[in-house]
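Naming follows writing order (A, B, C, D and E), and every chain is counted from residue 1.
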Amino acid sequence: MEIGIVVGTVTATRKDESLVGAKMLVTQPVGIDDQPSQAQPIITVDTVGAGVGEKVIFVKGSIASRAFDNDNAPVDAAIVGIIDMLECDYGKG
Amino acid sequence: MEIGIVVGTVTATRKDESLVGAKMLVTQPVGIDDQPSQAQPIITVDTVGAGVGEKVIFVKGSIASRAFDNDNAPVDAAIVGIIDMLECDYGKG
Amino acid sequence: MEIGIVVGTVTATRKDESLVGAKMLVTQPVGIDDQPSQAQPIITVDTVGAGVGEKVIFVKGSIASRAFDNDNAPVDAAIVGIIDMLECDYGKG
Amino acid sequence: MEIGIVVGTVTATRKDESLVGAKMLVTQPVGIDDQPSQAQPIITVDTVGAGVGEKVIFVKGSIASRAFDNDNAPVDAAIVGIIDMLECDYGKG
Amino acid sequence: MEIGIVVGTVTATRKDESLVGAKMLVTQPVGIDDQPSQAQPIITVDTVGAGVGEKVIFVKGSIASRAFDNDNAPVDAAIVGIIDMLECDYGKG
């Protein structure tokens, strides 16, 4: 899983019908120092109640659909946790 | 999911038979500022009625086949929504 | 899917038995301007009759095995179409 | 699989319910010389008893869920081994 | 699939039980000119009898588990062939 910060929301009226009702958030991947990584922001489905500004754990790939109510939905990124604490005592941390 | 802008179309007469009838669009990945990212344009299957110039949400990987009528088709990228509004009030947004 | 140009062939006598008979082509990912991208050439299974020098559509990931006769084969890249025409009228195109 | 060094831990009270009880470790991908690669640290589920400072083997993608007790969990990275010895006698090794 | 050269071996006593008996080799991704690519070496499961110094074909992602005896094993990279000959007559080849 990767670390990200929720930076916005996205609205799409015309979409795959299995995505109707999905809460889609724009998430910026970040490092353990909270700085944005070089990766572009992605659109993540949220099922844990995340909001803009929160630091989250997200998954990518087909497994992301399992976090969503409808696991047949074409979802490849999902927020699966909201980070309380990240402790890095070693190496770059 | 990622953000992209549809930039063109592709025609392929000889193709996997499960792709016959598929609408294939060339999509350029972009950032939240609509600027092209460093990623190459990709070929996406469209099932939501997207057209050239529209800003879309697309998925990558095996899950993309679920957006397509024939989920046994060898499809690894699909447009699953057309973006109405993208609001980024935080961080880089 | 991605755009590539077939640049060569590969022969492997010792291989996974499910790959026996597979036609394996070396494919260079390219941009919409036909210029090689920074990505390394990959080995793709071909089931649509592509040849060296042709511009093709290829898929990556587990879905590629569906394009192959034996979908239990450990194949992660397959040519699924030969491009007749690519029209990019927008943006970088 | 990739090589990494466990550099920290992460706590998330609000998370996908299938992740309750999961031990989540922050892992920095490294090269065969133990130097951090350019890739960002990722969050990995651990089922083999790894601890901070250990050099581990981790998998990415949907297959990672198989290493976890609940293979329906939305897990895309898992530690599957703790490295005792890495011998590279060839090339860059 | 990608091209690599086997550069070493890895030993892990503590590991996922489905990996017991797996032969794990360190593989450096290379280009068609045999030069190492920028990608880090990865750990690949071998089922075709590859050895250090050999040029191989490897697959990545969940499909790699199909090359392994136990396809429930958390394996995301596997050697599926040993290259006899690579002929690139076109473009960069």
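Basically, contacts are C-beta pairs under 8 Å (C-beta built on N, C-alpha and C of every residue); 3 or more make two chains touch, one makes a residue touch a chain.
Source: prediction; values computed, not measured.
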Numbering shared by both copies at the subunit C-subunit B contact, with half separating same from different: different
Between subunit D and subunit E, centroid-to-centroid distance (C-alpha), Å: 19
Whole-Å separation of chain centres (CA-atom averages), subunit A against subunit E: 31
Where subunit D touches two or more other chains at once, by residue number: 61-62, 64
Ring walk, subunit A to subunit D and onward: A, D, E, C, B
Residues of subunit E touching subunit C in the complex: 1-3, 29, 31-32, 37, 39, 47-49, 57, 59-64, 66-67, 78, 80-93
Of subunit B, residues touching subunit C in the complex: 5-16, 18-19, 24, 26, 28, 36, 40-44, 52-53, 61-62, 64-65, 72-77
